[in-house]
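Next come the structures, one after another.
Each of the two complexes below includes subunit A, the first together with subunit B, the second together with subunit C.
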Partner chain A sequence: MATLHTVNKSPFERNALESCLRLAKAGSSVLLFEDGVIGAMRDTRFSEKITQAMGDFSFYVLGPDIKARGLNDDKIIDGIQVVDYNGFVDLTTEHDTVQSWL
Partner chain B sequence: MENGEGVVKKFCYINRKAPYGTIYALESLEVVLIAAAFDQDISLVFADDGVYQLTKGQDTDGIGMKNFSKTYTALGDYDIKKVYVEKESLEERGLSAEDLQALKYEDEDDDWAEKDSLFVIGREEMAKIIDEQDVILSF
Partner chain C sequence: MKFGIVINEGPYTHQASDSALQFVKAALHKGHEIFRVFFYHDGVNNGTSLGVPPQDDRNLTLEWSGLAEKHDLDLVVCVAAAQRRGILDEDEMGRHGKSANNLAPGFRISGLGQLIEAGIQADRLVTFGD
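Now for the complex of A and B:
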């Protein structure tokens, strides 16, 4: 079991996602929620960085936060798994620890 | 510019944050609607993550927050007819004008014809518009 890293800030606004990707150990999971879901969008200035990090991490994004911002599932980078709140809970229980990148 | 009722100043509201994650977007909208009652010359600017405030199809049922995106379409009724979106901010987010709500107003000087009030403009034009303002409020 590994660590679940959560990021709730937009990569355009803060460097939380970049710090997370820099300091998380390979094999960890990364869950993007709240404004963090912007990091899961394809064709942004950060998409390439996420795609490259997929070799090391499993990425998840919280669906309700995507919908709230008018961003459809087809705008999400391939390979990022969309979860709901129950999925969020499952992820926290499946991992040993949760590291929140605020 | 003076008229009988007082001075009309150019007010600009700069919106740079995504909606729902922070309270900035909603607060800005509230202040804009209040200020609209004072018949000032209002411009709204959306840049950086602020462009996400205007996306169409927002559905907040899943996060238990009020969906205030429909309020933007009512801005025309408050005589707010200059909404500027920075083109470069859209592009670096993989978005285009297609992803945004259509904002309109009815032109009283043109038989109430419905006209666009949202303009996607480039960085240089945006800088010029911001520079022309008397008052700038940042959100």
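Now for the complex of A and C:
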């Protein structure tokens, strides 16, 4: 049973992303949106954690929230897929449950 | 697919109401059904008709009301959370002897049972909050 985990906080602000990665079951997916998109950026002290977790999880990031923060898609860690709101909806239907890490 | 949506954060606080609105629009556009949108905790503040955001800013309450009218959405505001925050419909105004009511069009006040029911009836329950 695959779960979609959504994380909407920057890893520099709260530990939602770290908790999610620690507790989520392998095979789950993680969508970073709102301030959570900061966690998808390359060359931060959290980038390595994401890269290491890629063996267990699929990572997605919400493109409109990257643009809303003046950030660029080319700063995203390799292997994280960019989706729009339609893609967000598709992710929720493709997984069995959705867990929001608020 | 049937969606239940929970919004736990007020408008203009962070981004929960905006994200939920975009998500609901996308889901409707893709032909999914929105079984219910449940406004809980500070999320009930999305249901006040008395907000006057600047003209060049989005009016989230109007957006929700408009979307509810267009797609016949069920926008439910939690009664206990609403009473604490001064969100009242006409019935609640009378019951509590208040002089005004402010629930925006398209919203209705009800209880937590509506959230439980959404969790049971919907195929996916997606929560937006702070």
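Observations
Rule of thumb we're sticking to: the second predicted complex is superposed on the first by the 101 of 102 C-alpha atoms of A that agree within 3 Å, B and C clash if a C-alpha of one lies under 4 Å from a C-alpha of the other, contacts with A are read in each partner's own complex, and residues count from 1 in each chain.
We take it that a contact is a pair of C-beta atoms (placed from the backbone, for glycine too) under 8 Å apart; a residue touches a chain by one contact, two chains touch by 3 or more.
Source: prediction; values computed, not measured.
Applying the stated contact rule after C-alpha superposition, one finds that A:Lys67 touches subunit B and leaves subunit C untouched.
When subunit A is checked against subunit B and against subunit C, the one touching more of its residues turns out to be B.
Applying the stated contact rule after C-alpha superposition, one finds that A:Glu34 touches each of subunit B and subunit C. By the touch criterion defined above, A:Ser47 lies against subunit B but remains apart from subunit C after alignment on the C-alpha atoms of chain A. Judged by the touch definition given at the top, the superposed model places A:Ser10 against subunit B, while subunit C stays out of reach. Touch criterion met: A:Thr93 reaches subunit C, while subunit B stays clear of it.
Residue contacts after overlaying the shared chain place A:Lys75 against subunit B, while subunit C stays out of touching range.
Across the two superposed structures, the residue set of subunit A contacted by subunit B and also by subunit C is 8, 34-35, 64-65, 84. Note for the complex: subunit A touches subunit C at residues 6, 8, 33-35, 64-65, 84-86, 88-90, 92-93, 97-98, 100, 102. By the touch rule above, subunit A contacts subunit B in their complex via residues 8-10, 12-13, 34-35, 38, 41-45, 47, 63-65, 67-72, 75, 84.
Interface residues of subunit B, counted against subunit A in their complex, comprise 17-22, 48-49, 52, 55-63, 65, 67, 69, 92-94, 99.
The touching residues of subunit C, when paired with subunit A in their complex, are 1, 3, 8, 14-16, 19, 22-23, 25-27, 29-30, 32, 123-130.
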